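Look for chain A in each of the two complexes below; its partner is chain B in the first and chain C in the second.
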Partner chain A sequence: MGSLTDKYCIVGVGETPHMRPSNRTTLSMACEAVSKAVADAGLKLSDIDGMTSYQIGDSTTSPHVATALGMRLNYAVDILGGGSSGEALVAHAIGLIEAGYCKTMVIFRAMNGRSGRRMGGQTPGGPIPVAVAEGDGQFNMGWGWTTPAQRFGMSAMRYLRDTGCTTRAFAEIAVAHRYHASLNPKAIHRSPITIEDHQRSRWIVKPFRLLDCCQETDVSVAIVVTSRERAFDLRHPPVFIMGGYARTLTDSPQWNYSRDEIHYVAGNYGWKRAFGMAGISHKDVDFISCYDAFTFTTLIQLEANGFCGKGEAGEFVKGGRLRIDRELPSNLSGGHLSEGYTHGVQMVIENVRQLRHRADDACPGWAEGRHTYDRKAGCRQLRKADICCGMGWGWENMASCLILRGIAA
Partner chain B sequence: MSGEVETTRKPVPAADELTRPFWDAARAGRLVIQRCSACGYYNHPPRNFCDACLARELAFTPVSGRGAVFSFTVMHQRDVAGFENDAPFINIVVEIAEQPMLMMVANLPIGERERVRIGAPVEVCFEDRGDGVAIPQFRII
Partner chain C sequence: MPAPIDYSKLRIVPDFDTAEWWAAAKEHKYLVRQCSDCGHKWFPPIFPACARCGSLKPGWFETAGKGVIHSYVVVVQPIVGAFVGTAPYVVAIIELDDCREAGGSVTRVAGVMLNDEPEVAIGLPCEVVYEETADPRIVMPRWRVSGSAANAWRFAE
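Let's look at the complex of A and B:
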């Protein structure tokens, strides 16, 4: 086990509703999410002395949020990044608290991911006019190859050819995550879908269909991290941070196809360290979360993090294996595909709620941890939710991971 | 999704001190790739240090312009600046013949939709984008 394993905990989570559009500023949403996460922990805003966030030039910053909420911080830094950054900022928090720079930290992400800047560079009025392609852009923008769907679609097409996997494996992921969203009152898309619905949906970027792509939303999310000594006094049972890796890169990170093997994505470099730090093996994991910007990104993360062998993910997910009450439930809130799009943090939030046994579902007693486990009645709490492996993805070449446990494990 | 939408201009590569020889050659109808003087490794996109041996001496060298489709996508959304009215359009990543995993992005005409496949042999051609800018493209041979 790592020297800091179980020494730090996630004690508070909070979010704004997924909206399209929010008609709010990222500052307003961030203040709400931060306040909710701090209240969820049973803390006051004045108990928080560190704040971090990540963004891609599309959000407010920690100093602005602190000012708006009347907080005086000992540490405030905002980093540049998208997916895989939330898990990495948890690692930052551990280091900062351990080193004595602050005591209790809040991490947030706020984005008008639908009505503001979208990941493909579009704005509400259409694409941003681009006159010049600079730097790395010189070698992709001129051919119109810019959006995440196009980028990951290129990897996915090659993956299908190399492994013999078909897009029905993509459908398995869309169907499982949508089923979980059907049990989540907060999700944007709650109607269950079938494999055939996926196969019939229109092309976005071949090999991706509409039902392979995530739901861009306007949202803010926040989590509170502190040391175990402080965690025991708070409102909920603590969720312990067992291990992880933080924005691990592949070689040749700026040009993801000029490598020995394109399917060897960043997670491959990290998972042994994460599981070694946590002191567990894959069979100890009760459930997972995967960055599902696209169905394919979930598929490849299962391989990259050692849940199955190379090229085996298509077989692995067959027959609803990722569904609740099956072998390895994945993205229990519905994920980016069906709940909404938060650049990864919502998965951490859902994992924390599951590990506390307090999934905010249709069960009247969920807040006290009383669940029916009746899926037809809208319960989405796992019966056994002791250890979770959360996998974050930036690109093929960047990944994070966070292994968490509840008090029962 | 019918009818023409207002389109922005296709992005123009802004050559910098590292990449200028690549774009100068493209304008002259030649495909050049940085080759390491120390170990012979080809590097693309252009960089300051050789990917294989970290040597600094990288010389732009003419290549055959032949290769094979490594992977491809067909973009159906009108989401990409300058390409609003091109959708659906094909993007390919070409593995250049000189070296395994030596990759370059390009387009194929949408008419090649039924013919494009991974492994299809291609050769370079050049597309004039006006104002003295040409970009390498590829066609199936």
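Let's look at the complex of A and C:
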């Protein structure tokens, strides 16, 4: 980007409630999320001329949504992908709008992540009755080693060994993000937890306990991207895209385990480009979001994106540093760990709301940007929310990032 | 030792790139890919080209099936039905002793340990063991700890 910094904006966001189960099709949820995001921007569906989405063979497509909602599009593409794809599709939108293929684009993800296809192949009712191990699965399914928890656990275990960090550092992430969820009426889990609650929760796959793992929810999310010229006419203060990187890969991305360091993840290859484009340093960042599929993935993204030194994240997060009103607030909606699971887009949505100063919390005047900042009364709006760094994660191998700023920055 | 894996609930489907690997496992041989042009080794065999030189002529290298545990996880809540009665079980990443290359490249494989969690640690030597399955075409390589190491590291929480 560089020369495109601040030329493109996120102007609309929308989502369906996190449900378990939704009792709806992904198409039905996608129509609602897209409609809400477009309305949030103050646009009509006919103002949208491009649509993209991502999925893993578990969702509806842009042509289906366009048919259902009566939209005639100049561009419609649905890509294969999970985490880190939403931020990457923002980069696609910038390129398409810049090149004149489209004027205003909507990006969605719709998934029945609990009642439909679950990560790792588990059925809605539980373990896979008869597992068919083909393709990549020949070398993981046959070893009972399929879920993201089981796969990321390998790099987490090696990280603990290499750094001397303990799982109390994992707990810091769970506690901070849960506290933010307690301030979010939309979150699935809102009861605050302690480090000890984390340490006492049951094992899922060592080194991960239950409270290290994200939720599984049925949900759809959507965001609208357009140029700054159009953005100023719309309903909300625009949120400017300062920089980013899009689905950057490590070497050997589909077999992480022969790499020099299995916990040297993809963000390491991207962050200098993103901060260079944005023209900022880490100390300009007021808050962050991380792809918290697991507590550990947050920890390692802090290192990978240069917020702390290599091997130092455990020390960095100690004592509640990632909580609201502290040094580096993270995942202010509660994230995947506590709000629900959207393959990353909910973080972009929350970041946009924070940067607009319109977090949808318990404050009666939130929609007009009036907040009390009283956490005990359920306010989750940051006092100063000018610049945000949002970090996306696919696996160890794949990462994206979006650095955003509000109108005040 | 963990309880047996119920292989009747698992169907392995070899493909054009992996059929020879599974055929070798049936003969109790552990193969990795080796480039016919530059000699680079890699795993798993689903990748049909050499990531070092770009050659499209992958050959095979028969390893001695010995290595060192590089990392591991302990699956307490199983997801694959064949492993429901096996949990808790250890899946390990094993760095093969005879696949270290001059340029620093290593080849690491994965598999299910025959040992219970307390016997497993990063840094321990291990060796392959072959296990019959319910499918006469498929023999599954597993791994067992074969010695001790001064620098072994175990997850103790």
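One rule holds for everything that comes next: the second predicted complex is superposed on the first by the 400 of 409 C-alpha atoms of A that agree within 3 Å, B and C clash if a C-alpha of one lies under 4 Å from a C-alpha of the other, contacts with A are read in each partner's own complex, and residues count from 1 in each chain.
The criterion applied here is as follows: contacts are C-beta pairs under 8 Å (C-beta built on N, C-alpha and C of every residue); 3 or more make two chains touch, one makes a residue touch a chain.
Quantities reported herein were computed from a predicted structural model and do not represent experimental measurements.
Student: For the three-chain model obtained by superposing on chain A, do chain B and chain C clash or fit?
Tutor: Verdict on chain A: clash between chain B and chain C.
Student: Once the structures are superposed on A, label A:G365 by its partner contacts, choosing first (chain B), second (chain C), both or neither.
Tutor: neither
Student: Could you look at A:A133 and tell me whether it touches chain B, chain C, both or neither (first, second, both, neither)?
Tutor: both
Student: For A:T167, decide between first (touching chain B), second (touching chain C), both and neither.
Tutor: second
Student: With the two structures laid over each other on chain A, which partner does A:S252 touch: chain B (first), chain C (second), both, or neither?
Tutor: both
Student: Of the two partner chains, chain B (first) and chain C (second), which one does A:Q150 touch, if any: first, second, both, or neither?
Tutor: Both partners.
Student: Contacts for A:G309 in the overlay, against chain B (first) and chain C (second): which applies, first, second, both or neither?
Tutor: Neither partner.
Student: I'd like to check the shared interface: which positions of chain A are touched by both chain B and chain C across the two complexes?
Tutor: In the superposed arrangement, which is not itself an observed complex, chain A uses residues 120-122, 127-136, 138-147, 150, 153-155, 157-158, 161, 202-207, 252, 255, 257-258, 260 for both chain B and chain C.
Student: Please name which positions on chain B make contact with chain A in the complex.
Tutor: Chain B residues touching chain A: 5-6, 8-16, 19, 23, 44-45, 51, 70-77, 79-84, 86, 88-89, 91, 93, 101-107, 118, 129, 135.
Student: What part of chain A is in contact with chain C in the complex they form?
Tutor: Spelled out, the residues of chain A in touch with chain C are 120-122, 127-136, 138-147, 150, 153-155, 157-158, 160-161, 166-167, 202-207, 251-252, 254-255, 257-258, 260, 262.
Student: Provide the residue numbers of chain A that touch chain B in the complex, in ascending order.
Tutor: For this pair, the touching residues of chain A are 120-122, 126-147, 149-150, 153-155, 157-158, 161, 202-207, 252, 255, 257-260.
Student: Along chain C, where are the residues that touch chain A in the complex?
Tutor: Touching chain A: residues 5, 9-15, 18, 22, 42-44, 46-47, 51, 70-84, 86, 89, 91, 93, 104-112, 117, 122, 140, 153, 155, 157 of chain C.
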